[in-house]
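Below, each structure is written out as structure tokens.
Common to both upcoming complexes is chain A, partnered first by chain B, then by chain C.
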Partner chain A sequence: MTRMKPVDVVIVGFGWTGAIMAMELADAGINILALERGDYRDTSPDFAYPRSADELAYGIRGNLFQPLARETITIRHTLDETAVPYRQYGSFLFGNHVGGAGIHWNGQHYRPSPEDLEFESHITQRYGKKFMPEDMQIQDYGVSYDELEPFFDQFEYVCGTSGRAGNLNGEIKDGGNPFEGPRKREYPNPPVADNYAAKLFADAARALGHKPFPQPSSNASRPYTNSYGARLGPCNLCGYCERFGCYMYSKASPQTTILPVLMRRPNFELRTNSHVTRVNLDNTGKRATGVTYIDAKGQQVEQPADLVIVAAFQMHNVRLMLMSGIGKPYDPKTGTGVIGKNYAYQMMSTIGLFYDQDVAINPFASAGSGGNQIIDDFNSDHFDHGPYGFVGGGYILGGQTGGRPIQQLSLPPGTPAWGEKWKRAAKDSYLHTTGLQTHGSVMSYRDRYLDLDPTYKDSFGLPLLRMTFDWHDNEYKMTRFLTDRAQEIADQMKPRQSAQTVRKPGDHYDTRQYQTTHTTGGVIQGKDPNTSALNNFQQSWDVHNVFVTGASAFPQNIGYNPTGLIGGLTYRSVKAIRETYLKNPGPLVQV
Partner chain B sequence: MNALAHRRRSGGGALLRIVLWLVVLVVIAWLATLALGRGGGDAAAILPMPTDAQAKQGEYLARLGDCAACHTAPGGKPFAGGLPIASPIGTIFSTNITPDPKTGIGNYTYGQFERAVRRGIKPSGQSMYPAMPFPSFSRVSDQDIQALYVYFMRGVAPVQQENLRNRIHWPLSMRWPLTYWRWLFAPKVEPMQVAMSQHPVLARGEYLVEGLGHCGACHTPRAFTLQERSLGNSPLFLSGGESDNWVAPSLRGEPASGLGSVSDAELVTVLKSGRSERSAIFGSMYDVVEHSTQFMSDDDLTAVATFLKSLTPSRQETPITYDQATRDALFAGKLSAPGAQLYIDNCATCHRTDGHGYGYVFPALAGNPILNSDDPRSVIRLVLHGFTMPSGRNAPSQFSMPAFRDRLTDHEVAEILTFVRSSWGNRGGAVNAELVAHMRELPPGGEPMMTGYDPRANRPAGAPAAQQ
Partner chain C sequence: MDGLLKPPGNAMSDKLGSPSRRDFLRQSLVAVPAVSLLGTTALAQSQGGSAATATTPAYTPRYFTAPEWEFIQAAVDRLIPSSDAGPGALELGVPEFLDRQMDDAYGHGGLWYMQGPFVPDTPPTLGYQLRFAPRELYRTGIAAVDDWCQKQHKQRFSALTPEQRDEVLHGLEKGDIKLDQLPATAFFSLLLTNTKEGYFADPMYGGNKNMGSWKMIGFPGARADFADWIEQPGKVYPFGPVSIKGAKS
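Showing the complex of A and B:
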């Protein structure tokens, strides 16, 4: 095995959180090495127009995603089933190459509600412990909204997020989200202009007494120079956002916001085609000595480092911790152990709205997130859950993110799947159709977790990660409630016809269905080493020179898209590393 | 048959006499370069007591002179040479100017350094190819040459790297005729004359532009014998030239095709950041911004802008006035004008229907001097092969124009450019498809990359590209 020259910090995975960590630590003057399993990639030439707007290549064949033939995960619904591999992308998407999923996201950029971060305490206090089902095991993050606010702000000003504040220093502002936590200042950019369907939605929602507002979006509404000096182009609403690279330089990604500055730093090095398989520990098991990776030639390489940041995709973080033997693996029978614990997902429903020829909607003129309208009235704990008997909620979105022919063609119910009638329906409805989405939270439960698969291995012969997951009653109730509210708005929008897709009791988790890609948990943060893997600075309780970033830290899933929270947690964590940990390496939280 | 043979014999006799005479003349000419070719300066001169301040100043001056752009190969060590430079007589490779004693200039005396930089004479006495802009550098002051010497001897890391042989065929590979070129076209080394009446900022600007900046190397037209047709003080100076198949625009005050419509402040911004509210740097100027002008002090940038803005137009032009008609037609979906539909489909996303682009991101087309010059070759090349703007001071992001060569035919490129050069008040005029076909044959610049930091940009040819 080759042994490389030691570095101060090694970062595993070079997506959003890896880039943030590297950028913020580069200023501390230490040597930083990022290891990325994929190759380098940038706006030009990789996302250049018109090749980037190729739905078959990117939307269907997943050219930006990790090849599942080389590594995937296995999935089962219950503890007594045998898991089988996820062989075709549907329910979630693994980013690959530099930038990771930060390339193919939509730019939906939310902060969590303040109560989301102290969810167990909040629910217990307001509704009592009995309100939650016995096997639900939601937890607090160990950090409050107020503590995170400066870091949410920092990330938004890096991304050039477009939106309108609804709560400025406690003052509720018209046209923003009145349910959000207080912001210290306005968004860096004004909202992207509404698409027509979003306007119809907002009018209807307002008529019903709801509070619509523009979806906060990291699709820049105008050219913007961020806090690092990197400049973003303006979004042109091309409709090729999610699953695609952005050729306009307007969707925030590590490439558009951080790399132009970071890549030139002499104390930063990026090694691509470097697939980390293990975090190495010394003989006490309490201290990491670096990582082992497999390089482009298939050789094993040892990379010593004083500090290890595990910044890969959520599931890969969990797998790497399990393969490295850091933290006690979770046991669903006893509910003890921490690594793999509290895997969660999200639950969506959709309502297709079909209008007659007199309502013109151009679905192709859309952005991944900019230009849509939201109501947040039924998310988090923004309403009294008492009468409804469930925990959590979600936002309802009006508008559309594109009009791509293969994946975004919405046809009235009863249309045949092919043939002349299908063609006629596609032609008749393309310019007169829109939709509503509900984007709901999923709680964590004792029997929903991740571990190493006993059977299946990846192309290197290492065990795959195994997911055990299915819906619980709480989520069926949540989505029914949210979909009913959405239907009221849909009816108010007065379409000729509408069609619901909603998950009902008895429907199992189906990996073929795309809804959200937001998978969370497995290396959760919290207040107590017995119930969480990380402290509130995302530092391993067990090995203090290992930090684990990203959505693997979420103790349960929120009703929002996760990136804003991920960015905020990462900025807070790296500040603590820079200002406290580097000077005095050791646990940042004492218990 | 006989007649022919006779003629050949008698012709052969006359030819032989002519050839003999020519040989004698050439030998005399060659001997003359040996006898008279010293070229001034004192090769034995040494520089006593170099200081750190000189080394620091020299580093700044080396940036002003953009020495690194030519003397560093892509992916190579700084100043170790090896960059191929295409010339009409063949390929010249830049040399190693690190202080390595064996392969670089480590053994140069100050005098040898001075003679090389300001006079184009190697220590061997041979003349340099004028790819080295010594005619411009002849203006550089003793003080600055001394600082440069100190920097190259003390501030640059020595790199042992043999120089590459130039790819020039005999007889053009003979060096001694270059001595005549030098005698004919290179100015005497003498301190620049600054008139008492001249403003110091203007004088500084002139010194920088005509001297180390060697702006004329690309922006002044060249004669058949390849010398710049003016090194200053003439309306030909900086009136537009070309370099490496890019058209270098006039830097004089023409209101449409020169700098007449560009303010001093915008000029400073462009040199500093590689872009401005309405324009962006492309072509050979990429290296100039990346390696040179972004490092210039604000005072020096202001001086350069002040001097350039003082240059009178070399030809009569009326200013461009913005014309709403194109914008109104495109906005209303009226696309009957030739090229309008193609413009909407390929260009308008970034450059917009009003032709104004987006500030500091996508350059404006309306009123852009590049689109109002007679020679459209640069813009044809940009459309066919794309380009990435350099990074600059306070401007780390690099924006690329994609290559359209695989998407657009020669005729379509001509139609789009004719449209763009005639819209929003532009008066550049028509572009013909034959010229596009010719430009298409030139070696493309590959795929435009963020070359300032994309690690793939410096990968050797044939290395694996991104896995898809």
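Showing the complex of A and C:
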């Protein structure tokens, strides 16, 4: 095995959190190495127009996604089933290459609600412990909204997030989200102009007494220079956002916001085509000595480092911890152990709205997130859940993220799947159709977890990650409630016809249908080493020189898109590393 | 601005919609696959030349065999037929798209996890679990459906009437037709998915000739710039599509 020259910090995976960690630690003057399994990618030439406007290549074949041929996961619904591989993309998408999922996201940029971070305590206090089903095992993050506020702000000012504050230092502002936690200052940019469907939605929601506001969006609404000096251009609503790279330098990504500055730092090195397979421990098992990776030639390479940041995608973080033997693997039978614990997801529903020829929606004129309207009235604990018997919730969105015909064509109910009637419906409906979406939370449960598959392997012969997951009653109730509220708005929008897609009791988790890529948990943070893998600085309880970033730290899932919370948690962790840990390496939280 | 809601169809549509014209188109596009490795381009040109130049240059399949090629054309012509509402899959070159996809990493299964063990009787909610890459699924599926048609109708699928072909396709879609080698629904589902891909994808992949499907529905293709339009809510976008290689309409 080749042994490389030691570095101070090695970062595994170079997406959002890897880039944030590297950028913030570069100022500390230490040597930083990032290892990325994919290739280098940048706006030019990789996302340049017109090649980027290729639905087949990016939207359907998934050119920016990790090739499942080499590595995937296996999935089963219950503990007593045999898991089978996720052979084709459906339910969620793994990012790949430098930038990771931070390239192909939509820029939907939220903060969590304050109660989301202390969810177990909050629900117990307001409704009592018995309000939760016995097998639900939600937990607190160990850090509060107020503690995280400066870091949410920091990330938004890096991303150039466009939006309108609804709560400035406790004062509720018209036109923003009145349910949000207090923010210290406005968004760095004003909202992107509404698309037409969003206007129709906001008018209807307002008429019903809800509080619509522009979806917070890391699609820049105007030219913007961020806190690092990187420059973004205004979004032109091209309609090729989710699943695509941004050719306009408008969507916040590591490439547009951090790399232009970071890549010039002499104490930072990036090695691509470097696939980390293990975090190495010393003979006490309490200290990491670096990582082992497979390089582009297929050679095993040992990279010694004083500090290891595990910053890959949520599922890859869990797998790497399991393969490295850091932290006790979770056992669903006893509910003990921590690695793989509390895998969660999100539950979506949609309502298609079909108008006559006199309503011109122009679905293609849209951004990934900018230009859409939201109501947050039924998210988190923004309403009294007492009468409804479930916990959690979600936002309801009106608007559109594109009108790409292979993926996004939506036809009225009753249309056949092919033939002359299908084609005629496509012709008649395309310009006159929009939809609402509900974006709901999923709680964590004792029998929903991640471990290593006993049978299937990746192309290196290493075990695949195994997911055991299906819906629980709490989530069926949540989505029914949220979809009923969405239907009231839909009816108020007065379409000719509408059609719901909602998951009902008895419907199993269907891996073929895309919902979100917001998979969470498995290396969760918390207050107690017996119930969490990380402390509230995302530092391993077991091996203090290992930090694990990203949504793998969420103890359960929220009703928002996760990136804003991920960024905030990462900025808080790296500040603690820079200001405290580097001076005095050891646990940042004493038990 | 209702005047902008022009019908995307054109004068040609009526002619294209007539059965005789459709059948003529289909026949003329049945280029015999290269019988040898020599001069396939020249062969394609000389064979396709006279009949179909007005609509589509002839294309010689590289993956599909002659009977498969006939099947593909006969099937996509029913999945998205030509009519006064707009162009069909055949005239937009969807068979060419499909053949080219078979030679791509996609067709070889290069995008899918294809390691065993395979558990084909897994509940459908856990996704595709067959051992076939797309090109194998087509080869096996076409042969199986042609066999079935021979037994039922004493003819291959491509020789059936449009009504009979629709009936067979419905049978595959619902799984009422049982094939020995693979689930009929898996084959049908891939065929329909790929047909729609070819119909709507950028023309550089071989389908959607002249951006015909984009013109029909009103999708501006690769224009990808609507900064000015977002401030004009409720008006129909007035410009026709452009393609990635710069074709305009």
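Operating definition for what follows: the second predicted complex is superposed on the first by the 591 of 591 C-alpha atoms of A that agree within 3 Å, B and C clash if a C-alpha of one lies under 4 Å from a C-alpha of the other, contacts with A are read in each partner's own complex, and residues count from 1 in each chain.
In this text, a residue touches a chain if its C-beta (ideal position, glycine included) is under 8 Å from a C-beta of that chain, and two chains touch if they have at least 3 such contacts.
Everything numeric in this text was worked out from a predicted model, so none of it was measured.
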Which superposed partner A:Asn362 touches (first chain B, second chain C, both, neither): second
First (chain B), second (chain C), both or neither touched by A:Trp418: second
Which superposed partner A:Pro234 touches (first chain B, second chain C, both, neither): both
Partner chain in contact with A:Phe383 - chain B first, chain C second, else both or neither: neither
First (chain B), second (chain C), both or neither touched by A:Pro45: first
Partner touching more residues of chain A, whether chain B or chain C: C
Touching partner for A:Thr272 - first (chain B), second (chain C), both, neither: first
Contacts of A:Arg87 with chain B and chain C, given as first, second, both or neither: second
Partner chain(s) touched by A:Ala53 [first = chain B, second = chain C, both, neither]: second
Chain C-contacting residues of chain A that also contact chain B: 49-50, 234, 236, 238, 247
Touching residues on chain A, where the partner in the complex is chain B: 38-46, 48-50, 63, 97, 223, 225, 228-234, 236, 238, 247-249, 256, 259-261, 263-264, 270, 272, 296
Chain A-touching residues of chain B, taken from the complex the two chains share: 349-350, 358-362, 386, 388, 391, 394-400, 402-403, 407, 447-450, 452-456, 464-468
Residue ranges of chain A in contact with chain C within the complex: 49-56, 60-62, 67-69, 71-72, 75-77, 82, 84-88, 90, 192-196, 199, 234-240, 247, 357-360, 362, 364-366, 371, 403, 405-406, 409, 417-420, 422-424, 426-427, 430-431, 455-457, 508-512
Residues of chain C defined as touching chain A within the complex: 2, 5, 8, 78-81, 83, 85-86, 88, 106, 109-115, 117, 119, 122-129, 166, 169, 173, 192, 195-197, 200-202, 205, 213-214, 216-227, 229-231, 233-237, 244, 246
